[in-house]
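Look at the two complexes coming up: chain A is in both, with chain B in one and chain C in the other.
Now for the complex of A and B:
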């Protein structure tokens, strides 16, 4: 599973990164986590507001921090 | 991009797709608003095509502005189909433009643009892409 965290390094992006890490650890899931900070790569996803979370190429959320439960559910769908 | 845009408000602008003179003007007004710092223009067709990044951006933006040319209000309806109610919707035929008649001149575009800017009341700092027509930019929502 490939998880991308899109954002320019702001506090919300860091918080999202933390929550993703916690969710993966709690599930014992195996995932490649990539931080994407290049604005052009972010826009290529059609993402206009950050932070955003992409799982296997599908943007799950943009412009807000999802709950850890939501992140957990999205990861479970892919497990 | 090494500078965080945390002080910005995320306002996305959607224009109808410009087959008629009304749509052409809606497009021109949207581009002008974006260039003048009143929001980031983004792609309505991609929202209609359910491209996840565009749909989630609409859902996550603080403001979504629809600029429609005529009473069919396609921009507004496409956003609504994704579960997003535009913060504001402007319909050019309700602002003095006649479909199939009013020419798309700089003077008319500027006049309507000024009315919308006055209504929006404030600019948002935006990150316009340097690549010409790609006048969009990502905003963080801190």
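Now for the complex of A and C:
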């Protein structure tokens, strides 16, 4: 599974990064986490408001921090 | 000497922050958090990204700027997104210019520290110059845009509302609790303001609890807390530095270079604002300090306009996203607009 975190390094992006890490650890899932910080690449995903979370190419959330429960559910779906 | 400078910084902290925390900063943060939590920025951006006519998209971009970003750091990706997703070039640059210059936290803080006429001037000028900015960008890159727009996508249907009716009432109530202590009570001890604030904020929260679901209220408070965590430390630091600078800078120097309302003063003030980085809101105490040392009102406005929206790191980011040519036209136009605005208000209105 490929998880991408889109954000230019704002505090909210860091928080999202943390939550994703925690969720993966708790589930014991194997995933590749990539931080995308290039604005041009972020826009290519159709995302304008950061932070955003992309799982296997699908934008799951943009503009706000999802709860850890939501992140866990998305990862489970994919598993 | 050093001790004196440090004390200057601490006094500034006490003056600017302590007196404003309850009746200005808390409601301002609540309002900013509410705007983020209750408005659908996606929907606003979709409208802006659509191929709208200039008559519609110009004012739309200017007004929605208020709701989209609170500091200059978040506006660049948003504006770049609108541009890349097929939106015209003008709304993207209007947003880039207006959002930081007239963002709600900074304008409210400006009103409280420097006076409401300066806050009003700041908003009016930001909006008027936004139209000039949009027109300049549109005319300069008309040909390029015509080719690019073919690939742009349709704005499509919007089924989501920008904001729900009862949320608007809540935002208005917060706005009321922000304004009422400072404008209803203009005389008497500070404590009176606190009383008025306590009453109006209680009404606000009562309304919120009665009409809005718990998890949405929680979300609102969470967004508010983010702003506090993000901006408050920067504000404290900024105000301290401003206090120190106020002690170090010689008054004569300021009076000479930034005093009066000449074009040169406005131009220099614009440049100071354009080059240096101001965390959101810190430009207000900075300008206030410079005004006490002899800066004219016109140059003060110029600095308030160019300060938050532009800085060296910001320029680099804009160049990277929009390319050198568009960025240069934008930056030069911005400097000219801010300079002329400062000069105009200073000589004819203030």
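Some points to look at:
Just so it is clear, the second predicted complex is superposed on the first by the 79 of 79 C-alpha atoms of A that agree within 3 Å, B and C clash if a C-alpha of one lies under 4 Å from a C-alpha of the other, contacts with A are read in each partner's own complex, and residues count from 1 in each chain.
Everything that follows uses one rule, which is that contacts are C-beta pairs under 8 Å (C-beta built on N, C-alpha and C of every residue); 3 or more make two chains touch, one makes a residue touch a chain.
Note that the coordinates shown come from a computational prediction; the quantities given were computed from them, not determined experimentally.
Residue contacts after overlaying the shared chain place A:8 against chain B and chain C alike.
More residues of chain A are touched by B (comparison of chain B with chain C).
When the shared chain is aligned, no partner comes close enough to touch A:71: not chain B, not chain C. In the superposition on chain A, A:37 contacts chain B only, with no contact to chain C.
Within the superposed three-chain model, A:24 lies out of touch with both chain B and chain C [touch as defined at top].
Contacts of A:60 after superposition on the shared chain: chain B is touched, whereas chain C is not. Counting contacts by the rule stated earlier, residues 8, 10-12, 39-40, 42-43, 46-50, 62-63 of chain A appear in both its interface with chain B and its interface with chain C. The touching residues of chain A, when paired with chain C in their complex, are 8, 10-12, 39-40, 42-44, 46-50, 62-63.
For chain A in complex with chain B, the touching residues are 7-13, 37-40, 42-43, 45-52, 54, 58-64. Partner chain A is touched in their complex by these residues of chain C: 41-42, 45, 73-74, 76-78, 80-82, 84-85, 226, 229-230, 317, 320-321. Those residues of chain B lying in contact with chain A across their complex are 1-6, 10, 12, 40, 42-43, 46, 51-57, 59-62, 127, 129, 134, 136-142.
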